[in-house]
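Chains here go by letter, A, B, C and D, matching the order in which they are written, and residues are numbered from 1 within each.
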Amino acid sequence: MDLFGVISQLVFLLVAVLTLAAGLATVLLRNVFHAALALVGTFFGVAAIYLMLEAEFLAIVQILVYVGAIAVLILFAVMLTRGMMQTEDSNINSQWAWAATAIGVLFVGLFILILQVPWKISGQPVVGDTTPALGTALLTTYLLPFEVVSVLLLATLIGAFIIARE
Amino acid sequence: MINDIPLNYFLSLAAALFCIGLFGSLARKNAIAVLMGIELMLNAVNINLVAFWRYGSPDPILNQAGIVFALFVITLAAAEAAIGLALVIAIYRSRDTVNVEEINLLKW
Amino acid sequence: MDIWTLITDPFVTIYNLLRSGIIGLLASLGVPPDWIALIVFLIMGIIVVTAILIVAPVMMMYMTWLERKLVARMQDRVGPNRVGPFGLLQPIADMIKFLTKEDIVPEGVDKPVHLLAPIVVVIPVILSFSVIQFGVGMGAVDLNLGLLFLLAMGSMATIGVFMAGFGSHNKFAMIGGMRAAAQIISYEIPQILSVVVVVLLAGSISLNGIIEKQSGLFGLGWYFFYLPVGPIAFFIFLLAATAEINRVPFDLPEAESELVAGYHTEYSGMKFGLFYLAEFLNTFIISAIAASLFFGGWQGPFVQQIPALGIAYFFGKTIILIGIQLWFRGSLPRIRVDQLMNFGWKRLVPATLALILFTAAFLWAYRVLNQFLTGLGG
Amino acid sequence: MVQNFTLLIPLFPLLAFAIIALLTRSRNRLSAWIAILGVILALALSLGVFLEALAEGAELAVNPFYGAPIVWYPYGTATVNFGWLVDPMGSAMLFMVPTVCLMIFIYSVAYMRHSHTGKDGHTIHEDDPRYARFFALISLFTGSMLLLVISSNLLQFFIAWEIMGFCSYALIGFWSFRGLKEHHIDDAQVGRARAASIKAFLTTRVGDVLLMTGMILLFITVGTLDFTQMFSPDGLNNMLLGEPPIGALQWPTLIALLIFGGTVAKSAQFPLHIWLPDAMEGPTPVSALIHAATMVSAGIFLVIRMYPLFVFDSQTGGFSMQTVALIGGFTAIFAAVLGLAQNDIKRVLAFSTVSQLGYMLAALGIGAFVAGSFHLITHAFFKALLFLAAGAVIHAVGTNDMLKMGGLWRKMPITFLTFLIGALALMGIFPFAGFWSKDEILLEALRLGFFSESGAAPLVQFVFISLATAAFITALYTGRQLFLTFFGKPRDQHFYDHAHESPVTIWVPLAILALFTTVIGFWNTPFAPAFTGYVGEAGLVGLPVPFEHHAFDQLALISIFVSLGIAFGGLFVAYFIYGFRPVGAGQPDPLERLGIIYRALASKFWLDELYGYKINLDGTARAGLLVRFVGLLSRFSYWFDRTIVDGLVNLVGWFGRIMARLWGWFDKHVIDAIVNGSGSVTGEIAGWWRTMQTGNVQNYALIAVAGAMAFAILFLLRSFT
């Protein structure tokens, strides 16, 4: 393995560990606000993963939408429901052990599966700018889903407004 | 990059992230935390989609189904967050709690 | 490598000289090629980052001076005039003051959040500098998604503001943070949409690409002159961006008369300095984006012959735009929070959507007409 | 090529109807003008078609203007189309109908304004409260008549026919609502109008049902209702293919008789004539419309349209034409006799109409197609004239009763003059229209009955004698009417003082109609039979045999003198009874000396009491004996149903109730126990199981995850092994 390979793997591992750590923090931190901040960290980590996968556009969208919008929404919600933020009792519910067991089994199963399945890899390099092709694809091949998603967003806008207003 | 890091790395990372998110949504008391767990799961799924696009697509430029799918997932995540948080706030307003265990009016 | 090139395009030339020098040096030392590439990448990156990190605070310091001077003139005062000629050394004095002040951490704050907040606010601003094109070939990187990157960085600021508001354990800070977040996500939409107009016109989201598209008319083919779309889009962008960075007349999150200083009420010393830095650099970034999108960035007469002119053009335009924002500050009253929201959602967003529709229709008509006319010619 | 626009002719009045009904109801004058405009447009277009048809000449009979462009509905492989069919007779109708209607419309503008004396003694002129509605309805009436005339198939014809039926109902009963006291319309008249409208509608309904039955049979046997296809040789011969329906009665005869049934009702022939006299309760323009241009003409026109069928039937040995002749001849004399004893000025005219329609049918029945058709045209003009003039008299005097009039010619000379022209035409006196057409019928009857090459025909002889007698009586009652109304001394000074000459809008239509009455007869004189040449020379659609026509000969000359003699004879007798010594005020009618005969005549041979619907002067009405017998029968059926049938049913019901009670016990104690048992068992189990529903979303999610994992593991195990 050459130098770049080593560095790449190291970078990947670093990012992966940070991402997972942030994810764990999200799930485990008692303070919901801190958890939300950790979630933001996870989002950044995932954006970095996208960058590694040469999906720059998606990485930027990830930051724009997840960090810029969803995380802010979550922070908002946390602040609006402040009564729950610093409770003394546990932040984990009574079924956590069952859940952890099931999820442990799930993870092990998934891991085995990932290692066992012979994934088909084409290995084509990404040459050139993917964004124009992506735009074309959205407005030609995926036009219908695109429109449906637009309508969904509109419906969400109205729905959120109606649900949340006094 | 593609030659240096095997696909399995990304898939394992995604699986781990997914399991973490799943745990968050199954075991946290706070409804907002549950939503955060769901976001984690969606992100994990997106990693998978992009990874498969990058590694499996016969022509990464012309065939961007993975990216498109990930974009739609992000959009849906935004919608889900908006509605979900609106619901949480509405519930908080009427019941003064966001503890999922206490929001159980629909039991026997 | 003649002297003429050095004179007309000093920075790029020096950069290239340095780069080729390092490569030559490493090659003569017998370093493997991929190591060379890595080392050169790292060294040049460090140089560029250092340059930015030096230029940015200096810019910020003299913007504070400019603001104080300008606003003072508008208010019929003199402004700083004690330290140095025309008070030119005043910013340096201020900086020393910031650095030497006591770092107060109030009781009951959420410590990590409190400490991290200024850093989180500053980082995206500094990152924004990496894609700004200061002159011909003078950008740290030329991302083909540069514009999107800038917008993403702009939206990141909310997190820091939130952290500051939450972490300060202070109701003013909390309200300020909430206001800032609401304002930023509200005004982000018209800002992005008005940028979309330019993207439609240019057909590119690379900053350099957009700037190069404005090279027509002897370097004056700026999108501002694309009547009637250009001026309207610029105006909307300026308004939305001003709101996005919480400046007058949209400075509700830090409204002195209501909230003391908003989300950075509890900050002092260099932490406050970082907020201050972020605010002014944001002003600079906004002006730079506006200059690039609507006024051709470094584009101007003779810039092809003498690339160094590009830097002057760019900074000239940016400073004029900064001046406009300061002019806002000096002359406009603050608006109310409900007016702010109503204006954003009920006026700006629909107007911008209509503008996009109009632009698209216009472009389509233009294309059809063009095809028709070419058909006639052929 | 005006003919291509034929289909638009009825559209104008129908459009006027729609506009008035929907938009301008509240604007009386405007509505009237819209209606008149509609008729004028229809008239203009009709005249265009008529002139074009005239230019075409007799050839038009076998190659009529025809088009059926509007597909209404398809059936099987063919379609029913709407279209137009204009043959010579149709074109003559197109000339006659809108002309007469236009006159009636113009006349109505003033006629439907009533005058009455207000509280302060001044005369108040006021529109009828339903002025606009009146014009809407007569527009619809006219439009449907025009549609009927141009119909290209029997179904379209029938639709127009039915619309007319409705219009006649609505218009005869036009005054059948209260709130008209100041217009001299009292409760009695309201009651009469109401009863009369129902009577007219129901009586004509009998004919409509017959017509529809005939139409259906025609469709079944011929396979089409389009006139041109129906009367093609194949079409008519198709009728002979099937089994004869009833004994010796063959299909063409049956169908022709059924269709003729429609005519009998619509054209008020014996025995369904009973509605027409009572129809006089409608406003006078309506009477004119019904009697001259539209309703009753439609009945005759139906026979004219279906004439090939009748001819075909008689050629194949049927007796439908003989029936037509018989009923026509009998009605002619029957109604004329009845007309003698009527005191209501309009009722006399009504019976005269019935009688004249009998003339036409008799002529058609004996094969004198042209003469019958021509009489239809001329009669329309002079009968419209008579009605409108009579209406003018009623309008001026304020009563219908001739015994209260007298000496009116001094007061209203123009009306008198026009009425006189009409009366002379009706009597058949030279040179007015009635003379020429009636003489033609009598001549044909004479020729066919007594001087036919194929030997004497008793039926035609009967017809001739009947018609000649009827002509005499016609002159007699018309003379009676003239003398009673216009001559002698006024018998009621109050009404006499009230009388005045009609306004312009009333007498101008009268004058125009009088002009037509005077000249229209010359269209077909025995010396220059233009109408005969036009209508009869080439036969009909599907009957391309010219109608027999004789040059002017001795017989014709004799016939002229005979008919003139009869007419003058009648007039002279009338003068002898009524003119020589005028009936004084309060004196009874000299005819009352006839005793029982007079009473029989005055009460119309008690036919209303026998099978009709007697409408009394006071507005009450009573069903005829026959009807009441049917009523009794139905009451008996009702009793039978209630006591016998219901008793049986109740018995069964009682038995069922007993059984049900038994079942009820079983249900309650056996089945319910099982059901309740299973229910409570289920409830117990469910109460224990339902605790599974914790209401906690995360619980559910966990179980869902676990389930999904279980399935995934199963699947994987299966695919790995």
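The rule we apply is simple: contacts are C-beta pairs under 8 Å (C-beta built on N, C-alpha and C of every residue); 3 or more make two chains touch, one makes a residue touch a chain.
Predicted, not measured: the structure shown is a model, and the values here were computed from it.
Engineer: What are the mutual neighbours of subunit A and subunit B in this structure?
Structural biologist: Touching subunit A as well as subunit B, we find D.
Engineer: By mean C-alpha coordinates, which chain is most distant from subunit D?
Structural biologist: Farthest by centroid: C.
Engineer: In whole angstrom, what separates the CA-based centres of subunit B and subunit C?
Structural biologist: 33
Engineer: Approximately how many whole Å separate the CA-defined centres of subunit C and subunit D?
Structural biologist: Chain centroid spacing, subunit C to subunit D, equals 93 Å.
Engineer: Could you put a whole-Å number on the gap between the CA centroids of subunit A and subunit C?
Structural biologist: 28
Engineer: Roughly how far is subunit A from subunit D, going centre to centre by Cα mean, in whole Å?
Structural biologist: 86
Engineer: Indicate the residues of subunit A shared as contacts by at least two other chains.
Structural biologist: In subunit A, the residues touching two or more other chains are 4, 57, 61, 69, 76, 93, 95, 99, 102-103, 106.
Engineer: Do you know which subunit B residues sit against two or more other chains?
Structural biologist: Residue numbers touching two or more other chains: 22, 26-27, 100-101.
Engineer: By the touch rule stated above, which residues of subunit C touch at least two different other chains?
Structural biologist: Counting only residues that touch two or more other chains, subunit C contributes none.
Engineer: Which of the chains touch, listed as pairs?
Structural biologist: Applying the touch rule to all chain pairs gives A-B, A-C, A-D, B-D.
Engineer: In the complex formed with subunit B, which residues of subunit D make contact?
Structural biologist: Those residues of subunit D that touch subunit B are 690-698, 701-702, 705.
Engineer: Using the touch rule from the top, collect the residues of subunit B that touch subunit A in their complex.
Structural biologist: For subunit B paired with subunit A, touching residues are 1-5, 7-13, 15-24, 26-30, 32-33, 35-37, 39-40, 43, 46-47, 50-51, 53-62, 64, 67-68, 70-72, 74-79, 81-83, 85-90, 92-93, 96-101.
Engineer: Under the touch definition given earlier, write down the residues of subunit C that touch subunit A in their complex.
Structural biologist: On the subunit C side, the touching residues are 32, 34-35, 38, 110, 112-113, 143-145, 148-149, 151-153, 155-156, 158-159, 162-163, 166, 174, 178, 181-182, 184-185, 188, 205.
Engineer: Mind pulling up the subunit D residues that touch subunit A in the complex?
Structural biologist: 698-699, 702, 705-706, 709, 712-713, 716
Engineer: Within their complex, state which residues of subunit A touch subunit C.
Structural biologist: Spelled out, the residues of subunit A in touch with subunit C are 2-4, 7, 31, 33-34, 37, 40, 56-57, 60-61, 63-64, 67-69, 71-72, 75-76, 79, 129, 131.
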